[in-house]
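What follows is a pair of complexes built around chain A, which joins chain B in one and chain C in the other.
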Partner chain A sequence: RGSSSRSEAKSGRTDLIFLIRFRHCCLLRNQRCILAYLYDRLLRIRALRWEYGSVLPNTIQFHMSAEEVEWFNRYKKSLATYMRSVGGEEGLDLTQDIKPPKSLYIEVRCLRDYGEFEIDDGTTVLLKKNSQHFLPRWKCEQLIRQGVLEHILS
Partner chain B sequence: GDSDGGSEDLVLTPAQLIRSLEQAWLNEKFAPELLESKPEIIECVVEQLDHMEANLKRSKKGDLKVSIHHMEIERIRYVLSSYLRCRLVKIEKFLPHVLEKEKSRAEGEPSILSPEEFAFAKEYMANTETYLKNVALKHMPPNLQKVSLLKSVPKPNLDCFVFLRVLERQENILVEPEMDEEREYTIDLEEGSQHLIRYKTIAPLVASGAVQLI
Partner chain C sequence: QGSKLEIPLWLAKGLHDSKRRIISVELPKIYKEAWRTVFSADANVVDLHKMGPYYYGFGSQLLNFDNPENPEIAQTILQTFISRFRRIMDSSQNAYDEDTSVLVARLDELERALFRAGQKGLNDFQCWEKGQASQITASSLVQNYGKRKFTDMDG
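Take a look at the complex of A and B:
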């Protein structure tokens, strides 16, 4: 292992120095590759929070390791704390309003059965597959990203 | 109505406040590094939004003004969210450098992180370090178990070129040469003119508000 060859080098076997340095470079490269891979996965998982919201679909969670799930939960919590601290009493949900607003209400079609959906003034809408609705844009954002609703562009 | 501003020295009209927010937003969008935090602007804008929403709740439904005000609220909320999101992305991307810069900040120098952003950054750092340690580093040979994120994570590229518009006339800005044969030269920036220039050269002017990135 590394430590034994280093102690041999200290005892004066200079021909091993190059071998040690070469081996160390290989180890450092491997370390960098591993960390780059893991870090890249974390970045993708982070992007999931912004895409899907705080509850990840099971198919995705299935591909995550236990430690990644724990990282995700901690990130979620950290982000929630920050968002709550920003906008007054209720906080500001930064995962909404991703695109500049074009109109207040939009035409949407429901892609799959979702059930009842409550809008601001207390009324509820039943989201059944293929039903069309004219709804407030900000309420639909999350559902559009999750694939439940589809924005109909006229 | 007028908003009080919340800061002792300046009382801004709502229009001026939104203008400041938009300027901060554009600067943050186009600057390669994280800029100074602007807690006063954020606080005032949030107050303004709450004010406008309260007004909306009180007014008659179906009034045309309601739609317009609602639209305005949405617009302002978008700019504010986009600004804060832009900052979060930069904080996460340049994490060790941002934290280092904040920790080594001198007394009286303005902060680049708000207290809430600082807390978020520290948590993100700890979370990521713990993860990497538990999943990979602790299984590695003893002399490889520490990794300096400060050395591994790339720094923001301050040499990138940015577009700007001059708000206050500047004289004798020192520009570094592109190639070795050129010598450094100075330029004057006329008010209202637009330029494409290396960010590093004009970074202090962005901070002081003398130029606006576009």
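Take a look at the complex of A and C:
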């Protein structure tokens, strides 16, 4: 096979080059498409850490590959290390207060049954669908982003 | 040899080689002389969406093939953008809370992205004026998954 293709290559040189180039183009194109898809997924997974929180719901994790889950965990860790290093002793939670806060406490309505929810001073609140509460902003922020609560403006 | 084919841009770019001359590229009509004069007369009347929704991007890619008309093509694309941009910017900043489909219909994809960016700026500003800027909202990613039931939420 080697010798015949070599003589072929010498006689029909242009043809072979064309074929090789063509096939190579197609391979590169497929590779680009795959990379674009995987990269887009990664960007969405990263956005989940900021918009949703550090623990992903099972329904989403179910659709992620093992590598993506590992990437998410490493990103989480990276972010946590960075946040600990800024803002003094306790660090700074950059994922909080994404919108500029106007007050310490906010009015929220529960969008679905969630159960008991403990606030800092030890009291618990029962989050039942359609109940309204006046709660500390920093405790509710994550639940609002996750769609459990709705922030009501007065 | 000598046959004419339609192939995708990525393939043409890969096969093109100024030294070996494997393929030569014929310009799509919108980049040819006849259309170029139309653009220089009044670029605002052209329906760029119909003429190939990626006029700017595709046109820029065309410059990869050594065509003698490249400098003119590049100039036309640039001038077209300059003359159309003002109107796009103005309309995106002044159309608040209304149906913009007529405004957007004749724009190519790049122009549509610019229009959307302008609209977003306008909407964000209005939201701030109404005092809604501090309202925490649900993550858009969550809203898409909202249809399914979350069986256990460890938050």
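In this section, the second predicted complex is superposed on the first by the 120 of 154 C-alpha atoms of A that agree within 3 Å, B and C clash if a C-alpha of one lies under 4 Å from a C-alpha of the other, contacts with A are read in each partner's own complex, and residues count from 1 in each chain.
In this section, contacts are C-beta pairs under 8 Å (C-beta built on N, C-alpha and C of every residue); 3 or more make two chains touch, one makes a residue touch a chain.
This structure is a prediction, so every number in the text was calculated from the model and none was measured.
Three-chain overlay on chain A, with chain B and chain C fitting side by side and no clash. Once the two complexes are laid over each other on the shared chain, residue contacts for A:59 go to chain C alone; chain B is not touched. With both structures placed on the common chain, the touch criterion links A:153 to chain C but leaves chain B unconnected.
In the superposition on chain A, contact of A:28 is made with both chain B and chain C. Look at A:42: by the touch rule set out above, it reaches chain B but stays clear of chain C.
In the superposition on chain A, A:51 makes contact with chain C only, not with chain B.
In the superposed model, A:100 lies in contact with both chain B and chain C.
Between chain B and chain C, an angle of 70 degrees opens at the CA centre of chain A in the superposed model, to the nearest 10.
In the superposition on chain A, contact of A:145 is made with chain C only, not with chain B.
In this overlay, which is a superposition and not a single complex, chain B and chain C have their closest Cα atoms 8 Å apart. Applying the stated touch rule to the two superposed structures, the overlap between the chain B and chain C interfaces on chain A comprises residues 28, 98-101. Contact residues of chain A toward chain C in the complex are 14, 17-18, 21-22, 24-26, 28-29, 44, 47-48, 51-53, 55, 57-60, 98-102, 106, 114, 140-148, 150-151, 153. Against chain B, in their complex, chain A makes its touches with residues 1-3, 27-28, 31-32, 34-35, 38-39, 42, 46, 65, 67-68, 70-71, 74-75, 78-79, 81-82, 85-88, 92, 94, 96-101, 103-104, 137-138. Interface residues of chain C, counted against chain A in their complex, comprise 10-11, 14-15, 20, 22, 131-143, 145-146, 148, 150-155.
The residues of chain B lying in touch with chain A in their complex are 42, 46-47, 49-50, 67, 70-71, 74-75, 77-78, 80-82, 84-85, 88, 92, 116-117, 119-120, 123-124, 127-128, 131-132, 134-136, 140-144, 147, 152.
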